[in-house]
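Structure record follows, encoded as structure tokens.
When the chains are written out, they are named A, B and C in that same order, and each has its own residue count from 1.
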Amino acid sequence: MNQRAVAITGMGCISAPGDNLPECIGSLFKGERNFGSPVRFASDNAITYPVFEVADDLASLETRNTPDISRTGRLFLKVAFEAIGDAGLDREFLRSKRVGVCMGTTVGCVMNDRDFYRAYLKGQDPDMADITRFLRSNPAEVVARELDLTGPCQTIANACSSSTDAISVGALWIRSGICDIVLAGGADELSHVAWNGFAALMITDSSPCKPFDRDRKGLNLGEGAAMMVLESEGVRRTRGKGARAFILGSGASCDAYHLTAPHPDGRGLRRALKEAIASSGVETKEIAFVNAHGTGTQDNDRVESGVLNDMLPGVPFLSTKGYTGHTLGAAGAIEAAFTVACLEMGRIPKSAGFTNPDLRLPASPAESEMEIRGSAAVSESLAFGGHNGVLVFGASGGLL
Amino acid sequence: MNLSIQGIGVLGGFGCGTDALVSALSSGQCKPQSVSVKTSQGPREMAAFCADTSRLEEFVNKKNLRRIDHFSKMAILGSCLALQDAGKLGEDLSRMATIIATGYGATRTTYAFLDSFIVDGDSCSSPTYFANSVHNAAVAHVSTLLNITGPGLTVSQFEMSVASALLTARCWLEDGRVDSVLFGAVDEYCDVLGYCWHRYFRDRATTEHDMDPFNFDVQSAIPGEGASFFVLTRDDGGGSRYGSIKDVCLGMMDHFTEPPGRDSVFFIGADGHKEYGDHYQRFLSGHPRAACYTPLYGSLPIGPAFDIAVAALSIKSGKIFPVPTGKNEGLGLDTARESPGPICCVKMSSRGELGAVTVEA
Amino acid sequence: MTVKEKLKKIIIEELKLEEITPEDIEDDAPLFGEGLGLDSLDAVEIVVLLEKYFGVEVKSLDEGKAAFQSINTLAAYIEERQAQ
């Protein structure tokens, strides 16, 4: 284990497969795909794109200090409570430590309430409640306020790699001694605005998405949240808490190529992956699998397949977006949580939506559930704007 | 670890470039523009500090700017000015990170995107507006146009955006992940923001008054927009004309066992919002020597980035600039007699968080 | 105004090709790459413009690929679809 490793002592997740992490993982291994038409908004678009929604409206979520916040805010709190519980922490203990909050989102920090804006356009003097709610709903601040945390807050808006980067930054805050504990994760609710945006970019599939498949036609949007409790070795050892896994390394880069298209050779992804592996200190033969970004768009999957084939030949990979949809700012955290859970189990589920290999792609994902060998795993995110983020996780190996 | 400030690029209501900022600082004056706000009772005039990006054509071919909105233009211009100031424009920037802090992101384009489908239906949603409305579009444009290939980061933490993003900038430099950081902050004025000010502040959102930030019981804020960018490197002891960022503190004010910047002069980010008045007064009760420059750039979440620029320019010029409150004085501070030692730029959030960035020669 | 004239005007205005006039665009010159210098994001924006200004729906980029070569091919596509 390298000296820079940061322990993960608790995790939480909510997404279309389930309302908590064990439920999600159970659903993945059963091969369930819970998609449907959006239930919380209606589009006048003739084409209906399937989505992966979270059924729970989270109205019964009990909070102390955060009334009237956005759905994204409630998704954050739901997984924060689960992660803290999983780590065996309580509010009082957290208040006594330097606890930072580092959250990724896209929808969660955009002021774009449609009803408010429509009324404003009509000159109807709309009520300010929607704007006030937005101002109360900054993701990192919501978590800190609810739990009375006193450390630094950072909401990262790096589009689709937001929460991969949030976890990477959170680990750095632990390593540099800024914090004893960091809650790091991501959340995004399904938004009609983003739904329109992705439809307009013509990268949304009107059928369930098929990452890395020959017939892939694009992504499906989803919603959800996931969170990790990252803990300094000092605090963890003092309270005698075992780690579920470790963050061994991370890498990030900008393609500096195009606003919406990835660099055709995956220039930035190669660099981020190389940095992540180098900083983790693991050898490529120790890498058990890769949880790819795998959106199901032509460009993304082609670039990723090429880079993985070159840099990690023969290492199994999968996309879990066939189970969750693309949850944007939450995707990195949800996939990180799945990566750690799979590493713990020594198995990965099949890459949902993949049936027919694309002969133009040099490598294909896991066709069926499989056992994995190796003590490390990689989760990668490619974002809009040419941003790439990669995390390397290591199994705890039962170490305290 | 200290962060050496190698270059500065600013634009705002005071104009474009450090010369414009120094000129506003020296005169202690900056007159806001008048903007029209749409209300149910018809248009109303309100003061706002707006930024002009026309100088961008000095740096970037107009053809490459056709799809780029005002928000990203401010970011790109701030970036070009800072890189030029640091002598790094056109150099190999593969070991540089791009970090942008913003309170609200590209709000004009966010609403332009809503317009595209509210007017013509969901199937007419504009992909270009959508792409530019995403918070990290500015980092994408900056990194692409200037070929900066290190990691990118966009932080949106309202008033704490600048201190929070700086915390990570320092970690990245300390960790050796990059050799330099293009660090900037941007926020923009838009019609909807004007409407919100009209609704929240009513008769205090006019063209009738000046900003009076030390008068903590009075709502006097005037919205501002602009960009403030820096080229930061690890301080290798070589020094910099602008000094270095020595410390970045962020968290709930009451929980700092040791208050930041004990011997500093404080540049207070109070920007005329009555709601925050108590927080600043409480902070100042223990830190009496304070100046405030918000009347030169207006009220915006990323205001501290301008204060850091003012602090760096104070160090470069070896003086504390007069405080533009109309009385030419700070609190417990005779600016004419003060020479710049450590300067701590302080911003409070509504929750009572403190973001403090200390700059020193 | 002919379909071609209208197309040129809309493309210049909506894609913000400020320094180009309708006369600069040759009817059979490529719109993408070396020609007008448009890219993949412009392509999806043109899809929206066709719907908004001509009532023509393009279901997928594959379908539009052949039509998006030049002003000539775009105009022919629009006229053919409008006649249906």
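Keep in mind that, in the parts below, contacts are C-beta pairs under 8 Å (C-beta built on N, C-alpha and C of every residue); 3 or more make two chains touch, one makes a residue touch a chain.
Owing to the predicted nature of the structure, the values given are computational and were not obtained by experimental measurement.
Interface comparison, A-B versus B-C: the higher number of contacting C-beta pairs is recorded for A-B.
Ranked by distance of CA centroids from chain B, the top chain is C. Mean C-alpha positions place chain A and chain C at a centre distance of 38 Å. Centroid to centroid, with C-alpha atoms defining each point, chain A and chain B lie 29 Å apart.
Rounded to a whole number, the gap between the C-alpha centres of chain B and chain C is 40 angstrom.
The residues of chain C that reach two or more other chains are 41, 44, 48, 57, listed in rising order.
Chain B has residues 67, 123, 125-127, 131 in contact with two or more other chains. Residues of chain A in contact with at least two other chains: 46, 200-202, 258-260. Those residues of chain A that touch chain B in the complex are listed here as 43-46, 98, 106, 109-112, 114, 117-118, 120-121, 123-125, 128, 131, 135, 138, 140-141, 144-145, 150-159, 165, 169, 172-173, 175-176, 178, 193, 196-202, 252-260, 267-268, 271-272, 275, 383-387, 389.
For chain B in complex with chain A, the residues that touch the partner chain are 38-40, 67, 98, 104-105, 107, 110-111, 113-115, 117-118, 121-123, 125-127, 130-137, 139-141, 143-144, 146-158, 160, 163-165, 167-168, 171-172, 174-175, 177, 192, 195-196, 199-200, 250-252, 254-255, 349, 351, 353.
Contact residues of chain C toward chain A in the complex are 39-41, 44, 47-48, 57, 59-61.
On the side of chain C, the complex with chain B involves touching residues 15-19, 37, 41-42, 44-45, 48, 51-52, 57. Residue ranges on chain A touching chain C, taken from their complex, read 46-47, 200-202, 217, 258-261.
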